[in-house]
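Have a look at these structures, which come just after this line.
Each of the two complexes below includes subunit A, the first together with subunit B, the second together with subunit C.
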Partner chain A sequence: MADISINFAGIESPNPYWLASAPPTNTGYQVQRAFEAGWGGAVWKTLCEPVLNVTSRFGAHHFNGQRVAGFNNIELVSDRPIEDNLKEIYETKKRFPDHPIIASLMVEPQRDKWHEIVKRVQDVGVDGFELNLGCPHGMSERGMGSAVGQHPDLVEKSTLYAKEVAEVPVITKLTPNITDITATARAAERGGADAVSMINTINSLIGVDLDTWNPTPNVNGKGAHGGYCGPAVKPIALNMIGECARQPDINIPISGIGGISTWQDTVEFMLMGSGGVQVCTAAMHHGFSIIDDLTEGLSNYLDDKGIASVSELVGKSVEKYTDWSNLDLNHRMVARINNDICINCNKCHIACEDTAHQCIDMLIDENGNDYLEVREDECVGCNLCSIVCPVEGAIDMVDLEPTEPPMSWNNRESALEMLNNK
Partner chain B sequence: MSNYDDFLSEKLQIDELVQNGYTMTGSRGTLDGDVVEFQNKTTSDKKTILLTNPDSRKYFTTLYIKQQKQMVE
Partner chain C sequence: MGNLLQNLLSDEDLAQNFAESKPSYNAQEALDEANRCLYCYDAPCIKACPTGIDIPSFIKKIASGNLKGSAKTIMEENPIGASCARVCPTEELCEGACVLNDSTKPIMIGDLQRFATDWSIKNEQVMFKVGKKNGKRIAIVGSGPAGLSAARELGRLGYEVTVFESKGEAGGLDTHGIVPFRLPKDISLWEVEQVESLGVEIRTNAEVGKDIFAADLVSDYDSVILTAGMSKVPMLGIDGEDLEGVYDAIDLVEETKNENYSTEFIGKRAAVIGAGNTAIDGATTSVRLGADNVKILYRRTEAEMSAYDFEYEFAKQDGVEFRWLIAPKRLIGDRNDHVKQIECVRMELKEAGSDGRMRPVEIEGSEFLMDVDIVIKAIGQTRHHQLIDEFGLEHHNGVVKVDNETYLTSQPKVYAAGDVVFEKGVGEAMAVSAAQQGKETAYAIHQQFKASELGNV
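Showing the complex of A and B:
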C-alpha cells in the first residue's frame, strides 16, 4: 500500500489533506472531529484581533442542477479571543500529536505586530504558521489580508517579520486577486518563507435576487464583495500553482488550495507542483467524512500506478506546462464520431456549425439512418464537439500522425528573423 | 472554397515556386496575411505571394526551417 504521508516544508503529516483556514477550523471541537475522521492536518481559522461578523455570510453558485459549483463568503477571521483559540490548539495538539496544526495569522504589516502574534501563538506548540495575506473582504478594508498581499514589498516585509521570530515553518498564503501571482510568490521567498500556499478566495458577488434586487448574500438589504471558492475556482488555482511551480527562481514548496473536492483533484494539484493540499468548500458541503474517499481514492490511484509514495507525484506535470509560444503549431488533432455510441442529438453539429469551424456534416446512410461525420481536413481539433457531447465515448479527439516537424511560435519567429536578415 | 482548399491552393503556389528554383528571401506579416518574397537562384527573378490561410502560413515557415536544417546538415 502506497505511503500517503507527506513532509511539507518540514511539517510531517499523515496524509496530504489539511483543512484550510476557514469556518471548519474555527474551534478545537471541529478540528478534533476532523482529526478523528482522518484529516491529516488543519490550518486553524485566522487568529487576529477578534472581529465582529454579520448575518448572512455565505452564498453559493448552483449551476444546472449542480449544488455549490462555487461558494462565496463574507465571514471574517476568528471572532473568538486569542486565548480561547490557543487553549484549544494546545488541547487538540495534545490529543493528536501526529497531526499538524498550522496557525493562520493576520496583522497589519508592522514588525512589532507580527512579532507579538507569532511569539504568543508558537508558545502553544503549533507546527507552522500560515500568514493570511489574501483574505479579500472586510479585513482588506482595514489594511490587512489582500490589501497586503497585493503588494509584493508588503508580502516580503510581512514574511520577513514573521520569520524573524518564528521557530517553526512559515507558509505565506497568497491572494489570487492580483495580475501575476508569481510576483508575490517571489516576494514571499525573498522574505524567507518556507513555503507558499495558494489560492485564497477570489473577489466575487454571487448574484442579485430578482424580486428584492438585493445582492446575495445580503445583510439587511445590502451586500459586499466576498471570497469565491469551491469547484468553480479549481482551474484558476491550478494555473496559478503551475505558473509558480514552473518558475526557475521560485524554489519553495506550494500548498495547493482552490476547489479541491476529490482525490482526482488532489492528484492534479500535486502533479502541477503542490506538496500538499488544503480543502474547505468540499468539507463544508459534505462534512468531514469525505476524507475517507479522498484518502482511499488517492491510495488506490498510487497503487494502481505502482507509485510507492504520494510525494513522487509532486511537480511531475510542471515541465509540460509552458508558454503558449512554445506549443507545437504543426500538431494536428481531429474529432472522430463513434456512430455506434452517438445518439444523434446533433449538439456537436450545432456547436460546430454555429460557433466553431463548420466541419461536422449531418448525413443519411444507405439504410436511411441519420449519422454525423467530421470532415477531418477542415477540423481544427478545437475540442468543442467533444465538450458539448452528452454521451461519454461518442466523440474521440485523435492525434494525427505528424506530417511536419514540430514548430512553435518561438521557432517560427526565429526562422522569420533569420529569413529577413540573411 | 473551403479552408482546406485554400490551404492546398496556397501550398501549391509555394511548392511550385520552390520546384522552379525560387528560394524565400523575406517575409512580412500584414493584416491581410503573410507576404512572402521569393527569388530565383538562377535568373534572379523575384516573385511575391500573399498567404492568407493559417495552415499555409505555418507551412512556409516549416518549409523554411527544414531548408535551413538541410543546409546545415
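Showing the complex of A and C:
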C-alpha cells in the first residue's frame, strides 16, 4: 500500500485531501464529520469580522442532464462570531490531533489588523493559515478578498504582515480573476509565504431565469456576480497551477484547488505541481463520503504504478508543460477508427465534415455494412473525432513515425536567424 | 369460483383492467432518456422508421424542453404519431436500429415519442395549417392510418378532402382494433381531430355500397383513395361456429374500445384460435374481462407464430397458456347451443409449403376434447371483396393491385393504400407503414395534378 500522507509546507496530513475554506468547513460539527469520514485536513471557513449573508446564495450550471457541471456562490465569509469558531477549532483539533486545521483569514491589508487576527487565532492551536485574498464577491467591494489579491503589492504586504507574527506556515490563496497569476504568486513568495493555494473562485453569473428574467441565484429580484467553481473550472485551475509551477523563480509549494472531483483529478493536479489538493464542490454535491473513493482510488493508482509515496507525483509533468513555441512542428498524429468497436453513430464524420478537416468518410463494405474511415493523409490529428466519439476505444489517436527530426517554432526561428546572420 | 369472481368484479374493475397498461414517462424520466440519445448523424433510427421521423431531432427537442417542436417533428412525418408511439413494434424498427444496441441499451424511442405527443394532446396544440385551396376535391374511403395520413397531407396541400367512414367514429384500426390497454381510443380520436382541423370533412356512418356509391365518388371527385383496411376474422370452416360463446377477436376488441365490457367471461375458460397479434389481443382481452383460464391454440409452433415477441411476452405475463401443434376440428355445444367443448387434433410440422413456413399436418387418431366456455377466432382478417368489386379494381385474392410508386389502381382516378394493398409476405401490415403509404399517395396525387396543370399551360 502506497503512502498517501503528505507534508505540505511543513504541515503533516494523513492524505492530500483538505476540505477547502467554504460552506463545508463552516462549523466544528461539519469538520469533525469530515475527519470521521476520512478527510485529511480542513481549511476552516474564512474568519473575519462576522458578516451578514443573503438568500439565496448558490447557483449551478447543469449540462445535458448532468447536475452541477459548474457551481457558483454569493455567500460571504463566516457569518458566525470568531469566538464560536475558535472554540470549535480548539475542540476539533483536540479530537483529531493528526488532522491539520488551517485557518482561513481575511482582513483589510493593514499590518495591525493582520497581526491581531493571526495572534488571536494562533492561540487556539491551528496548523497553518491561509490568507483569503481571492474571494471575488461581496468582500471585494469592501476592499478585501480579490480586491487585495488583484494587486501584487497588496498580496506581498498582506503576506508579510501575517508572516511577521505567524508561528505556523502561511499559505497565500490567490485569485484567478487576474491576467497573470504568476505575478501574484511571486508577490506572495516575496512576502514570505510558505506556500500558495489556487485557485479561488472565478467571477461568474450562472444564468437568467427565462420566466422572471431574474439573475440566478436571485435575491429578491436581483443578483450579483458570484464565484464559479466545480468541474467546469478544473482546466482553468490546472493551467494556473502549471504556469506557476513551471516558473523557475517560483519555488514554494502549491495547494491545488479548482473542480477536483475524482482521484484522477488529484493525480493530474499533483503531477502539474500541487503538493496537496483542496476540495469543495464535489463534497457539496455528494457529501463527505466521497473521500473513500478519493483516497482508495489514489492509493490503488499509486500501487498500480509502483509508486511508494504520493509525494513522488508532485510536479512530474511540469517540465512537459511549456510554451507553444517549444512544441514539435514535425510531430504527426492521426485518427484511426476501430471498426469492430465503432457503433456507427457518425458523430465523428459530421464533426469532421462540418467543423474540422473533412477527412472521415462514411463507406459501405462488400457485405453492405456501414463503416467509417479516416483519410490519414488529410487528417491533421486535431482530436475532434475522438472527443465527440461516444464509445471508449472506437477512435485511437495514433503517433506516426516521424519523417523529420523534431523542430519547434523556436528551433525554426533560431535556425533562420543563424542563416540570415551568415 | 366463477360466481365469486362475478360478484367481485364490478364494471369499474373491468374498466380499470382496460386502462392503458404501460405507465407514461414522467418529465424526469423523459429528460434522462432523451439526454442519453447520441444525436447520431444520418441516424439509423430514421431510416428504420417507415415514416422517416427525424428521431434524433425530436429527442433533442425533448431534452431542450421544446416539447411543442418535438411533437411537431413527430407528427410532421407521421400523422398518427401518437398511436404509433404505442403500437409500433419499435424493437423491430427504430429501437432495433439504435446504435446503442451495440454499446449499452437502445434509446426508448417509443416511450419518448409518447411523452412528446401526450404533451401535445394535453396542451391542445395545433401544429399544422390548411393549405391554400386549389379547387380539387378528393374522396377517401376509410379513416384508418392510411386514410387519415393521406387526408392530412392533402389538406395541407390545399385539397378539399372528404373522408367516408362506415363506422360511427373515425380512426380505423387505431380507434376500433387495437386493444385499449395498449392504445386508448382518445389518442386515435385526437389524431382524427388534428386532421379535421385542416378542413378535412369526415363523414361517419357512411358505408360505400349502402349510404354512398363507388360510381358516384368516382364521378363527383377528382380522385378517390381507397384505404378501407381489412375486414372481419374469416370463418374457421368447422362445425359449431355459430354456437353461443363463439367470438370474432376483432369484434371483441372493438366492444372493449367502446367501453362495453362483457360480463360473460368472468370465471370462464376461453380458447383463442390462432397465434398472430390479433390472437394475442383476443387472449389478453379475455384475461381482462375476467376469464379464469385463457389458452391460445395454434396449429404450428412458437417459431412460426406471427405475433411480435413483445406481444408474446405480454400475453405470457398475463398468464395466457400457449398450446402448440393443436387445431380445432369442430365446436361442440350444450343443449342451450352454447359452446362447451372443442374437438382438437394434434398436428406435426412437415416440410415447408409455398409460403416458406413449415406445413402443419394432422396426426391421425390424435383427436381429443377440450372443455371450454368461450372460443375466440383470430386466424387473420378477410378482405373487402365487395367494396373492391364495386370500384372495379383489379386485385389478387382481395389485395388491390397498385402501382408501387403512385398507388394508382387499375382505375385511373382511384388510388389505394394501407391494408387493402397489403400482401402477405411483402413487408408488414403495420399502422406506421399504412401511414407512410397514405402520405405517399397524397404526394403522388399532388404530383399528378401539378404535372397535368403544367401540361395545360
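Note that in this section the second predicted complex is superposed on the first by the 422 of 422 C-alpha atoms of A that agree within 3 Å, B and C clash if a C-alpha of one lies under 4 Å from a C-alpha of the other, contacts with A are read in each partner's own complex, and residues count from 1 in each chain.
Just so it is clear, a residue touches a chain if its C-beta (ideal position, glycine included) is under 8 Å from a C-beta of that chain, and two chains touch if they have at least 3 such contacts.
Remember, predicted model here, so these are calculated numbers, not experimental data.
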Practice item. Could you look at A:224 and tell me whether it touches subunit B, subunit C, both or neither (first, second, both, neither)? Key: neither
Check your understanding: Where does A:390 make contact in the superposed view: on subunit B (first), on subunit C (second), on both, or on neither?
Key -> second
Check your understanding: Which of the two partners, first being subunit B and second being subunit C, lies in contact with A:64: first, second, both, or neither?
Key -> second
Revision key, fill the gap. Of the two partners subunit B and subunit C, more of subunit A gets touched by chain B
Check your understanding: Is A:54 contacted by the first partner subunit B, the second partner subunit C, both or neither?
Key -> neither
Point to revise | Touched partner set for A:362, first subunit B, second subunit C, both or neither | key: second
Check your understanding: Touching A:398 in the superposition: subunit B (first), subunit C (second), both, neither?
Key -> neither
Exercise for review: Kindly classify A:349 by the partners it touches after superposition: subunit B alone (first), subunit C alone (second), both, or neither?
Suggested key: second
Review point. Given the complex with subunit A, which residues does subunit C contribute to the contact?
Key: 31-32, 34-35, 38-44, 63, 99-100, 102-103
Review point. Inside the complex, what are the residues of subunit B that reach subunit A?
Key: 2-4, 24-28, 58-59, 61-62, 64-66, 68
Revision key, fill the gap. Subunit B partner, complex, touching residues on subunit A are 329-330, 357, 375, 377-378, 404-405, 407, 411-412, 415-416, 418-420, 422
Review point. Residues of subunit A touching subunit C in their complex?
Key: 64-65, 343-347, 349-350, 362, 390-391
